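Letters A, B and C mark the chains as written, and numbering starts fresh at 1 in each.
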Amino acid sequence: MNHGPCESTALRRRGPRAAATGAALVALSLALAACGSGGSSGSGSGSNAGATAPGVTANSITFGQTAPHTGPTGEYGQSAYGVTAYFDMVNAKGGVNGRKLKLISLDDHYDPPTALQDTKKLVYQDHVFAEVAVNGSATTNADLTVLVPQNVPLVGPQSGDQFLQPFKKSVYNVWPSYVVEGKTMGDFAINNLHLTHVIAFYQNDPFGQALLQGVEQSAAASKLAAKISYDPTQTDFSTDALKAKNANGDGVLFLSVPGSTNAMENSMASINYKPKLIMSQVSAIPGSSFSAAPQEFPGAYVGAFVQPLNPPANAEAKQFVDAMKKYQPGKPISVFSGWGWIEAQTAVAGLKNVHGSLTRDSYEAGLNSIKNLKTMGGSVTYGPHDHIGLTCEFVVQARNRKFVPVQGGPSCQ
Amino acid sequence: MQTFAQYLLGSVGFGGIYALAALGLVLIFKTSGVVNFAFGALASLSTMILWAGIHRLHVSVGIAWVIAVVAALIIGGLCEVLLLERLRRAPITIQIVLTLGLLLLIEGISGLVWGYTPKGIPLVIGGKSIGGNGFFIARDDIFIVALTLVVALVMTVVFQRSRIGLGMRAVAADRETAALMGVPVRRYVLASWSIGVMITSLSAFLVAPKVSLSPTMMEDIAVFAFAAAVLGGFGSLVGAVVGGFVVGIAANLIAGYLSTNYQLTLVFVLIVVVLYLRPNGLFGRAAVARQ
Amino acid sequence: MLTVDSIDCSYGPVQALMGLSLEATDGAFIAILGANGAGKSTTLKAIAGLVRPTRGRVLFRGRNLARLGPERRLSLGIALCPEGRRVFPDFTVAENLRVGGHRLNRRVLGDRVDQTLQLFPALKDRMGQSAGSLSGGEQQMLAIARALMTEPSLLLLDEPSLGLAPMITRQVFDAVDGIRKQGTTVVLVEQNRLALRYADYAYVLGNGRLRLEGPAGEVQDDERLRSAYLG
């Protein structure tokens, strides 16, 4: 028993101790958030002896990537597995001109300042040769403030956003833009489903607005019964569902993120409102890899540029699935790892086009000469002033927890 | 008029969810004097256990609910035992930092354990909605309202009529005097944390099928629930329930007649106006001590 | 029954009690008098277990209480009616009494309320009223009644006359006298010298030290009582 001074036992102050506990808790949670960062594969660049460019040695080429590996969007970081699988496949055949490919992937928590920090580390400290499969719109935008002035090539910014479309010498888009996706969804709604009252349900930010812009350029433009915007933090979609129903919508275009898509669909079900569902590929991902359609949306049509993987819809998709099983066993074979695969394939194609010494300038020339590169998302062609990448989207349907091709729908074959 | 009625019907589900979440928050505040900013994260954690019960243990939804409710009671109790008894006398800023730290910690841990991909949780009842002629209400929304009212009623009866309720109210009113009269203060504060976290968890179980489960699922719900508690006077159980439905209905009418983009802003404008007119909330009592 | 054996107490650097000893036999009515800050309330808190002496012992029925917290002391029969009444103003009178009887089981609770009300008949008609609506004297009666609900054998009262008119103070002391007559030992802390008319034995404190003690009648006439108040 404490026989200290005659202090009040009931009124003993606990301020300092509680402060310490609180501070420790905060520190612990910050540490937890940070512990997911670090390279997911590969190691530092090592010596640059005999190199023709940063990140290039006689027997290796180092690429960098920023992507969320933890946090609410952590699944996007699976693209690192796809990149690594493609690199491993190339390395198994002796690499590119005898050089093995390495990837340093840093966790940016989907947070632009963190992404910028990571990019500085990759460029100034790890001396990566180029970057590949950099995830997110706002994060990529932040990364570009370092990559563009330093002339570090970026292959495959994972965004369909508008800011990537103005031509940049060192940035090579792979993804179709969101405008292309919106247009594909809108055309499909009219030409294939013959809808007459189309509802555009969109997130009120550049992502949702770009998809909406595509819809407004499509055949659906004259059949739009309502445009319903929502706030990214919104959870209650009861009124939005009612508005869509009251506008007699026979189909809803989901230009939204997964959580909001699910919540809206639930609200629609609760008022017995069952229109056709057409979703952007970003909308439809909840709770499943792309190889299995989410059970929440049976019958939904989904815009896509990665071919269905289960079973693989074409030879390129099959090659990806087989390589994942071989080189990244146990890692998810998902649309996310698929993104990374396609982007790595593009990056390597550019390397193979380089004859002579490998510099960033010769690499860009190599990328610029890519013509009709067949990927599982369609073909990629670049030119000295054309870095658009994939330009085609198609539509798949969720059936029996699988995505299956739609007969007579838009095709990228 | 018909549209108005539809908006009202559509808002009761979320009204009930805000009310339940606020009830848990207020119960803990009443007896322990701590504003538990981690309440949403704790509830999401319990819902992760509900999900694990359904998808990992493969038990029925009903049994998973029982497991998750018990888990929520334990989680609430552990918070009190491990952390919050220590900060009872601490300055308010320390309390805020500690419960916010707890919020980050729990979201981080459940993210590491269960991942951040939104997860599906089955509806409690499901099936076709009831109604016709353009008026529909989901069976689950009816269940939510019923459960909210039952929980509120049971809590009110326990607080007003039972020996334990009297003891808890005594702890809330004057902890030291209650202790002098032989009320087991520690045990009651522990019980209120347990039950408070459990009640907020019920709201999370109900909202998860609507918005998909993730560790951060309750963040936006918690904002509205907090608003509901403030509106109700932050201390009144009836106030928390009424506040929850008022916030739910107001948010829907704003979204319906104006735009969802103004929802959060205007709900808080409404609260500022109410607090301006009635500084102690709709059901709060003026804190005037008679000498 | 109660022995306080040369205890020291301090709040940080401020020493509140120095070598205080006092004694209460079974059924006694003891008064502790002194000016503000003399250490009276600290003495009661040390007996009830709310503060811990740095030196000395508190014995109750021959048992050293040092290791026992307030809850255990309450169950041994030591109840403290705190300074400033501290009734629950939003509760009814009946609820205030039931809080006092919190540890009693349901069957004996009603009987205990009836017994207590015999000593405070004025409260009987106010049972449904909120405690905050009572007059100061009634609130004090209620605070004492509530403490009595814990079934104490030793009742510690901290300045019940505070803020009360002389006539009301007399009524309160009469009620306390009634409690003592039922066999409960009473230790009453007061500034009001009227307490000496009711007590058997009195201790006078000044600056944390015992200044004077003796049968209440003798203390009342002692010159040193005045000087203790003046410091």
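Observations
As a convention for this text, contacts are C-beta pairs under 8 Å (C-beta built on N, C-alpha and C of every residue); 3 or more make two chains touch, one makes a residue touch a chain.
This structure is a prediction, so every number in the text was calculated from the model and none was measured.
Taking the mean of each chain's C-alpha atoms, the chain whose centre lies closest to the overall C-alpha mean is B. Two chain pairs, A-B and B-C, are compared here, and A-B has more C-beta pairs in contact (counted per touch definition above).
Averaged Cα coordinates give chain A a centre that lies 73 Å from the centre of chain C. Taking the mean of the C-alpha atoms as each chain's centre, chain A and chain B sit 35 Å apart. In this assembly, the C-alpha centroid of chain B lies 43 Å from the C-alpha centroid of chain C. For chain A, residues that reach two or more other chains under the stated contact definition are 10.
Contact of a single residue of chain C with at least two other chains is seen at positions 70. Along chain B, residues 176, 179 each make contact with two or more other chains.
Within the complex, the chain B residues that touch chain C are 163, 166-167, 169-170, 173-174, 176-184, 285, 289-291. Residues of chain C touching chain B in their complex: 48, 70-71, 74-75, 79-80, 82, 86, 88-91, 95, 98-100, 102-103, 106, 132, 146-147, 149-150, 163. Remark: chain B residues 3, 6-7, 10-11, 13-14, 83, 86-91, 94-95, 97-98, 100-102, 104-105, 107-109, 111-112, 115-120, 128-129, 131, 136-138, 140-141, 176, 179, 207, 209-212, 214-216, 220-221, 248, 251-252, 255-256, 259-261, 263-264 touch chain A in the complex. On the side of chain A, the complex with chain B involves touching residues 10-15, 17-19, 21-23, 25-26, 28-30, 32-33, 36, 70-75, 204, 229-231, 233-236, 238-243, 246, 258-259, 262-263, 266-267, 269-272, 286-287, 294-296.
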